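There are structures below to look over.
Two complexes, one shared chain (chain A), two partners (chain B, chain C).
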Partner chain A sequence: MSSEKKQAELIREISGVNPLKCMKCGKCSATCPAYNEMDIKPHQFVSYVANENIEALVQSKSLWKCLSCFACVERCPRDVQPGRLIDAARQVVVRQRGGNYLKADEIPELLDPELPQQLLVSAFRRYRR
Partner chain B sequence: MKYSYYPGCTLKNKAKALDVYARASAKALGFELEEIKDWQCCGGVYPLGSDEIATKLSSVRALNDAKEKQQDLVTLCSACHHVIKRVNDDMKNVEDIRTRANNYMKLDEPYAGETTVLHFLEVLRDRVGFDTVKEKVKNPLTGKKIGAYYGCLLLRPGKILEFDNPENPKIMEDFIRALGAEPVIYPYRNECCGGYISLKEKEMSGNMCGNIMESAKGFGADLLITACPLCLYNLNASTQDGLPVYYFTELLAEALGVKEEVAQV
Partner chain C sequence: MQRIGVFVCHCGSNIAATVDVKKVAEMALLEPGVVHAEDYQYMCSEAGQEKIIEAIREKNLTGVVVCSCSPRMHETTFRKAAEKAGLNPYMVEIANIREHCSWIHKDMEEATKKAVILTRAAIAKVNLNTPLKPGESRVTKRALVIGGGIAGIQTALDIADAGYEVDIVEREPSIGGRMSQLDKTFPTLDCSACILTPKMVEASAHEKINIYTYSEVEKVSGFVGDFTVDIRKKARYVDMDKCTGCGVCQEKCPSKKAPSEFNRGLNTRSAIYTPFAQAIPNVPVIDTDSCIKFKTGKCGVCSKVCQAGAIDYTQKDEIVSQKYGAIVVATGFDTIKLDNYDEYAYSQSKDVITSLELERIMNAAGPTKGHLERFSDGKAPKEMVFIQCVGSRCADDRGKPYCSKICCMYTAKHAMLIRDKYPDVNVTVFYIDVRTPGKNFDEFYRRAVEQYGVNYIKGQVGKVIPQPNGKLLVQGSDLLDNRQILKEADMVVLATAIEPNEGVRKIATMLTASIDTNNFLTEAHAKLRPVESPTAGIFLSGVCQGPKDIPETVAQAGAAAVKAIGLLAKDKLLTNPCTAQSDELLCNGCSTCANVCPYGAISYEDKEVNDHGIRETRRIAVVNSALCQGCGACTVTCPSGAMDLQGFSNRQILAEVDAICR
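The block that comes next holds the complex of A and B.
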């Protein structure tokens, strides 16, 4: 099995999502508040997983632009849950050695006096292992 | 009435106002929040991966603690509420997660989602009743035009959160009416503030919060209320001339006439 095929399987497994249920209505992308920042848009993301085109996905900056706002999950008429797929791809990256998007050394200069603890723990969970 | 209460990390530090005004208000309304002993941080975001077990255990511990006390579990922070409510749904409905989490926990009796999780606003709506809140208001906030900022985490996914209609909610507007103020309905009230993106990309959350502020201002709001410390932080950081943002509990305490009892936070 090619490594892309394996990774696609892993993404389907971690997310628990079947991308073949997608009917390509585009509602997820239409509703995504991070759409303009993404190179691979949410509806495309689903197709990439379905087509097992994973190399491009794990390089995509969209992984770090998704806000986990669940607008796409709420509004998907087919319960494909693109946000879960994006998170699974993110997990595939950060679970690898050296895959963390946020390094602990970066933290001190990102802090300010008002910054809530919630922001740090949330970013740690989403951006690193 | 006594509830188990899960404050969460931020309410012990940067968001003390959200916590202390809720406790004082609860007392005035005749219910008690009993803080769970040795609670652990929920992690801030719900671990979406279906193979994520260890990251869900702090929620399971809190849920089980409430179960053993035979109390409902009350939350205040939108993020904690989102995480704990979703983990509870997993424990109830996802056999694989339930089995594996219980293998870690080694409880006398396995936890299977028995606890009812309530956000403080749900306690006001469903247990106390907004009519009763209204009766107990001593200083109605007459004339104030308040925009409810829901954000994402209390509402979505609606099937699991079951908080309100996720596209057209009204619980916070009803809350505002109970305090004697006038709710302002504006289109961006359930749009995302950017959440954790503001750690590394302030400009992106700044733009998003700018849209929210402009929308609320354009529809005539004088101030915004929220239940989320991160929303409050992002909204405050976004613009110089934005509307003031308060935790909903601060306004509740003010209206109930108990704000002064609370030591300055």
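The block that comes next holds the complex of A and C.
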């Protein structure tokens, strides 16, 4: 198995998303607030995984521009959940690099009870020290 | 002892490629009672049936087992063949070695083993079969059509033209249905009312058609050919015989604030009202929820102004009980509620409307007299955006999983009509796919693009944001240019998914007609029996069976009528002899069977029995074999084993189980 194929499978497995459910309506890209910042758009993300075009995907800056707002997940009519795919692709990259951006013991002092947990997890994945 | 013949079908390669048919025939010969076994390429062919007939005659067969496809396919074929040879048709059993075996297995050895076992079970059953004779039941030569839209009207007209009496039951105060709300129809753009109202008039004037408007089906009992239906005629508070339809009452009625159902709530109507000008019957009804007389006891203006003295505040609902031979369901559709799609701001802005609302706005008799205007400020729009597939093709539970089928065409129609009448209005359509299969349909859509300059953008809209300046900011995808579009629009039209009308599940339950998870009524066979319900005597017409446009609906309505006529033309029907019987010596009168019987076929009688010399009167279950459909629910629920189904007796079924476990 090629490494791209393996990685595509890993992304599908981590996200639990089946990109074949996509009907190519583009509602994810239509709803995305970070659309303009992205080089690979959310709807393309789904077809990149479906076509196992992973090399381009992991190079993409979109990975770090996604806000994890989950608007695409909420509004996708086919329940494809592109946001989860992006999350999973980030995971794959993070795992490859072998390190997280934040240390776990730094979390408590950043903790704000008003803060959505989702944001915390996204931040934990995304930001360097 | 029976003399049984076993006939194993190859079904071309359907069975023979996976099951060793020769082996199945060989193994069958070893079973008790089997005196003949053979295999043949197509048992259902004339030559195949001839083989069965020949063997019955030559070998004096008393029972037949055909190992072939599902009994739903060819049981009748083989029974008829056996009957030709002089054998009682109920001495034929099918071992389903195709759907239950060859089609679902890959390994030949395993599949053959299973086919042998299925054959063995069928042989064990035939060994206990007894000849059965179907009874007869009468056919009431009258049809009921539930729903008075274009589907119901067309079905009723076709049945009535064949000479049979038809009753239409319509929930609303007038017949006409959804089609009466439409402005123009695709792909010819003729006016909907112009082609519908002549049909409405024809139906109401037809001597064989009787229309119950403002009425609902309340109760259904009986069976194919002999249904009894209770119809609730809701009180109109207007005497149908006296009213002249002058309309003065509606003019003078002081309560005019009720939202007009016909205009989708876009304007209001009086408390006494007919839904629209061409209503049939042209007799108003009083909506007691908004009538001042009913709410406060003071008013009575309509009664005072009515020259004919037709107003009757004391009218009560009336129940009419009628017998029918056939029932056609034509309950139609509605648009879905948009509560789950708040991203399109339907609840936030009056300028976001559904396509059906746009139909009313475009119509000369509609709330704006046919002028295209915004409901927020009455201004003429300059930018219009149409969003396709709102609630259709949704895999999640927010919408419907199916394609609503009509939206691509009516959106092209709307876009074209607006561009034609208001050339200065820009029209943009956001689409996922444009689906236009149908005669002259794609040409129609292309005309919208090429001649009328409608801007079609491939991509869905993500959200619609009402702006402080009254505009609507539409954020959508343009997938071909790979960009996100932000567009200010004056009006947004949502191609809202359609769903079966509310209450259809209740009707299906009363009719014991099957219904799918989307509330569409199920047809008896998706391809070969598309207008019949699996329940005998129930037929399907129009969108209650699945999304369809007007030409398709009319075609299906005619087809349903033909099926109903075919039934009504018969004087007698043969009844299924496989009905339940109760053994009066075992029955203890506990009522358990009557409680589970879905057809109301079981009643109780006090009967004198002779139980081993003891004479006494006992309460005993009695099955009305005309009502019994042979479902077997009573036989499995009976605690004392008194209930038995002819043709599927407990002994026969246990013999099959024994044969399988052997």
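One rule holds for everything that comes next: the second predicted complex is superposed on the first by the 99 of 129 C-alpha atoms of A that agree within 3 Å, B and C clash if a C-alpha of one lies under 4 Å from a C-alpha of the other, contacts with A are read in each partner's own complex, and residues count from 1 in each chain.
Heads up, the rule we're going with is that a residue touches a chain if its C-beta (ideal position, glycine included) is under 8 Å from a C-beta of that chain, and two chains touch if they have at least 3 such contacts.
This structure is a prediction, so every number in the text was calculated from the model and none was measured.
Student: With the two complexes superposed on chain A, say which partner A:I14 touches: chain B (first), chain C (second), both, or neither.
Tutor: first
Student: Between chain C and chain B, which one touches more residues of chain A when both complexes sit on the common chain A?
Tutor: Comparing touch counts on chain A for chain B and chain C gives B.
Student: Is A:H43 in contact with chain B, with chain C, with both, or with neither (first, second, both, neither)?
Tutor: Second partner only, chain C.
Student: Tell me the contact category for A:M23 with respect to chain B and chain C: first, second, both or neither.
Tutor: Touch partner of A:M23: chain C, not chain B.
Student: Regarding the shared-chain residue A:G83, is it in contact with chain B (first), chain C (second), both, or neither?
Tutor: After superposition on chain A, A:G83 lies in contact with chain B alone.
Student: Output check: A:A71 vs chain B and chain C. Expected answer is one of first, second, both, neither. What do you get?
Tutor: Touch partners of A:A71: chain B and chain C.
Student: Kindly classify A:Y35 by the partners it touches after superposition: chain B alone (first), chain C alone (second), both, or neither?
Tutor: After superposition on chain A, A:Y35 lies in contact with chain C alone.
Student: Show which residues of chain A both chain B and chain C reach, each in its own complex.
Tutor: Looking at chain A, the two contact sets intersect at 71.
Student: What part of chain C is in contact with chain A in the complex they form?
Tutor: Going through chain C, the ones touching chain A are 343, 389, 393-396, 398-399, 432, 458-463, 475-479, 482, 484-485.
Student: Can you check the complex and tell me which residues of chain A touch chain B?
Tutor: Those in contact with chain B are residues 13-16, 33-34, 37, 64-65, 67-71, 73-74, 83-84, 87-88, 91, 102, 110, 114-127.
Student: What residues on chain B touch chain A, complex-wise?
Tutor: 8-10, 13-15, 41, 43-51, 55, 77, 79, 152, 155-158, 166-167, 191-192, 194-200, 204, 208, 229-230, 232-233, 236-237
Student: Using the touch definition up top, name the residues of chain A that touch chain C in the complex.
Tutor: My answer: residues 21, 23-32, 35-36, 41, 43-44, 71, 75-79.
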